[in-house]
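Could you have a look at this structure, given as structure tokens, before my questions?
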Amino acid sequence: MPQDYTFAVLGTEDERFKELRKLLRFKWKESEPEHASIVVLPLPFKLTDDILACLRPEHLVFAGKVSDEDKMRAWSAGITLYDYYAREELDILNAVATAEGAIELASRETDITLWRSKILILGYGRVGTALAYRLKGLGACVSVYARSKADKARIDVYGYQNADMTGGLNGYDIIINTVPARIIRRGELSRMRSGALLIDLASAPGGVDFQAAEELGVHAIHALGLPGKVAPRTSAELIRDTIFNMLIELEENVNANRD
Amino acid sequence: MPQDYTFAVLGTEDERFKELRKLLRFKWKESEPEHASIVVLPLPFKLTDDILACLRPEHLVFAGKVSDEDKMRAWSAGITLYDYYAREELDILNAVATAEGAIELASRETDITLWRSKILILGYGRVGTALAYRLKGLGACVSVYARSKADKARIDVYGYQNADMTGGLNGYDIIINTVPARIIRRGELSRMRSGALLIDLASAPGGVDFQAAEELGVHAIHALGLPGKVAPRTSAELIRDTIFNMLIELEENVNANRD
Amino acid sequence: MPQDYTFAVLGTEDERFKELRKLLRFKWKESEPEHASIVVLPLPFKLTDDILACLRPEHLVFAGKVSDEDKMRAWSAGITLYDYYAREELDILNAVATAEGAIELASRETDITLWRSKILILGYGRVGTALAYRLKGLGACVSVYARSKADKARIDVYGYQNADMTGGLNGYDIIINTVPARIIRRGELSRMRSGALLIDLASAPGGVDFQAAEELGVHAIHALGLPGKVAPRTSAELIRDTIFNMLIELEENVNANRD
Amino acid sequence: MPQDYTFAVLGTEDERFKELRKLLRFKWKESEPEHASIVVLPLPFKLTDDILACLRPEHLVFAGKVSDEDKMRAWSAGITLYDYYAREELDILNAVATAEGAIELASRETDITLWRSKILILGYGRVGTALAYRLKGLGACVSVYARSKADKARIDVYGYQNADMTGGLNGYDIIINTVPARIIRRGELSRMRSGALLIDLASAPGGVDFQAAEELGVHAIHALGLPGKVAPRTSAELIRDTIFNMLIELEENVNANRD
């Protein structure tokens, strides 16, 4: 990694970004955007006029969760927004922090140990795999619901129960949803074990009918943005590492084109 | 298990005891002490005149953490106090709840993930083993300090680092003490990594010089009675199961003596 | 699953197929191909005139590892060959048996315990993930080499070392290759630790220059077809389950088209 | 550790001792007994006249599995035999090698994967704990039988099934005995699942009625001395480390007495 970058990190009211600024400062100079070669924009990101006014075509600009609209708008101004949130490695690493946050919640919001508790995880993507692995390590009895035959095979291989869902959500102490689709509706909610906890990790609007949950007295929590909340320092490290990966690849491309 | 016991559970202001009463009610009649065959006394336990007035020699009386003094005093009144806390199985099972509570604390009180964090556990008894196992499952880098060669071998077998302590407490993000002796003094505290978290699980007075910790600005927490706090329902189940084990053994003894 | 299928299983000289025949016999009638509704062809599979003469267009025909050429040839005769080896779930489940076979080999062919041994796994696909997980559970010090940033993140998440390969294959007691490309050549072989074991799980021609290995005195084993060798009964169960999955989907398609 | 020891290692026909000699040679001079300060005797050990003739009172003599009789006989000749096999740490570490050997056997002698197989372990001492941990990591369904309430609690804590044995040995694919008492007799053997494998790790005469097993056609293996067979190099390392621990303690005692 070249040492002569100068970074500007905008948006430091966010805990992660304060940490990110500290981390970058270890190795690089930091400055106002007008003197920086690299600009990191706030997360969550919305391209405002103020931000756009700071950016120059000679900047390398990194942002997270960039909408297509904002990407196009920046593009029209001659600026490429590199979205670190679109990187698979960040997604994979962030899933660990999300899983830890969900475990902390599950531990705090129940009066039982996770050990010996019956837990259902809906979905076996990045967060689902990270969760299942950790909860099993904590001694929980882990069931996972996934639709594809390949995921069912993976669930079998890792020693979790394949939930068949014909019995619905009954029989579980804790249910954690990771599927970004409205799959837990009034019918499912009405068949939950009394006192069970429901945690929804799917991005807004989430996978749970929260109004029905409230009416039915189900203890349901919509937990969003956990990495930034439970582990801002680790989150900042992961963002930094991802930006580094992207910088290295950009340089390799530049060098390859030069040859 | 005979079905004709009648239980009286005293001390229900404690969360665990409310749960215990509910659990026992599933199978047995419950009553005031004067009509009960079995009396379960409050936890933590102190033998008062009020309590003593409730007890009869024909009662089977269970209590937790009974002092020798109270045991003798009850004995003088013709009453045997059976201490479920003196049972090894309860100690082993409670260690799980203690470990989960410590993990919840460690997760909540730091801004990093447990995954990849450097954790030192002092002591490799029941709580130490339960903690090390779980933290490794969460992806932490776990070092354990124990003195005996046999424990050092066990630590090696389970894949943890044997901490040598010549470097003191430096180099760890989280330090968890389980040793009931004042082993973390001003000297040790002054060499901790800035921002590190120290959790002391040893019963009062604990293993940490908390006054020095405060003066040095070390983030130190004395966490006591975790099972009852983080998992009152599971704690109640464990107490119930232990009392059952004791009842079965008492009956076996009675039967053996009868033959 | 309908109960009125009649199976013919060809190729019973293979240990897996003897087991498969036994397993199918539990539930279904078995017969010669001319009276069967379903025909399962030998594994590994080569379409011969003898086999072709047994098949009828009304048969459902299952085979494993079918070449494009054989598939076309059967097609010309009005017969569809359903390849269970093309199913992702079988691949995932078979990887477990392959991993176990490799572990048995590694255990048998070395004079050290897997516990504390330094093991390098090349590739982090199905077999690589199954191997790494198990070897870590056995207490080995596991390094994995993968090229993509996403796989590197996964390796990090599961707590293995990301091997950087700048030091080559030196420093490992056991090296297991899963990559189907000639990546271990004379240069790599010459830098292996003396006495180290090399296991190549990649299908023929494999990832190792075995001639160079022999000349250099490297202990190298090309281990192929492990599931059928180390666990023929489990392999047969997995093939049976996969054929069942395919039958269910074929029926669902038929029903969907009928509606 | 002082560097001026001179070792003599007798009994090098044993694979472990060849390795031990190599390991010691790294750091210390080696010689014939008459010029050595430390003598390591063959394993398994029997005090013969030939051996006794080699030993001098000024030697530090280490042996493994020393009988009381031999210890006394040496004592009469002015020689103390230090038994490294009597050290708890060696027992704990050797249990790992024994567990690996049993797993290799179980893998080789069955036609199923350990993954998903139903395994019963009798006894939860050093070998039982090491086995259960590893087999669970390999995805087996692990039941353990132990008698004490404390061990039952530990089995529960680590997530294994507590086997109740009222159903006898039926229902298991693999049964591994670690209890040095004749607990598996004709009655138990006659109720094993057909095709099940029985491995006895208890020292001679073992825990199994092998004659009955043969008559009943049960596949039973008495596996003894596994560490030396499956991992002679690691075994040698463990013996060396144990002897070092003993030497350090002997020196500490000498120094303490000197003060």
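Chains: A, B, C and D, in written order; residue numbering restarts at 1 for each.
Operating definition for what follows: a contact is a pair of C-beta atoms (placed from the backbone, for glycine too) under 8 Å apart; a residue touches a chain by one contact, two chains touch by 3 or more.
Bear in mind that the values here come from a model prediction, so they are computed numbers and not experimental data.
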Chain located farthest away, centre of subunit B as origin (C-alpha): C
Chain copies touching (subunit C, subunit D) - same or different residues, decided at half shared: same
Higher-contact pair (C-beta pairs counted), A-B versus B-D: A-B
Centre-of-Cα separation between subunit D and subunit B, whole angstrom: 34
Interchain centroid distance [CA atoms averaged], subunit A/subunit B, Å: 35
Multi-chain contact sites of subunit A, meaning residues that touch two or more partners: 96, 115-116, 139, 156-158
Subunit A to subunit C touching residues, read off their complex: 87-90, 92-93, 95-96, 130, 133, 149-150, 152-154, 156-158, 245
Residue ranges of subunit D in contact with subunit A within the complex: 115-116, 139, 156-159
Residue numbers on subunit A that touch subunit B, as the complex places them: 15, 19, 96-97, 100, 103-104, 107-108, 110-116, 134, 136-139, 230-234
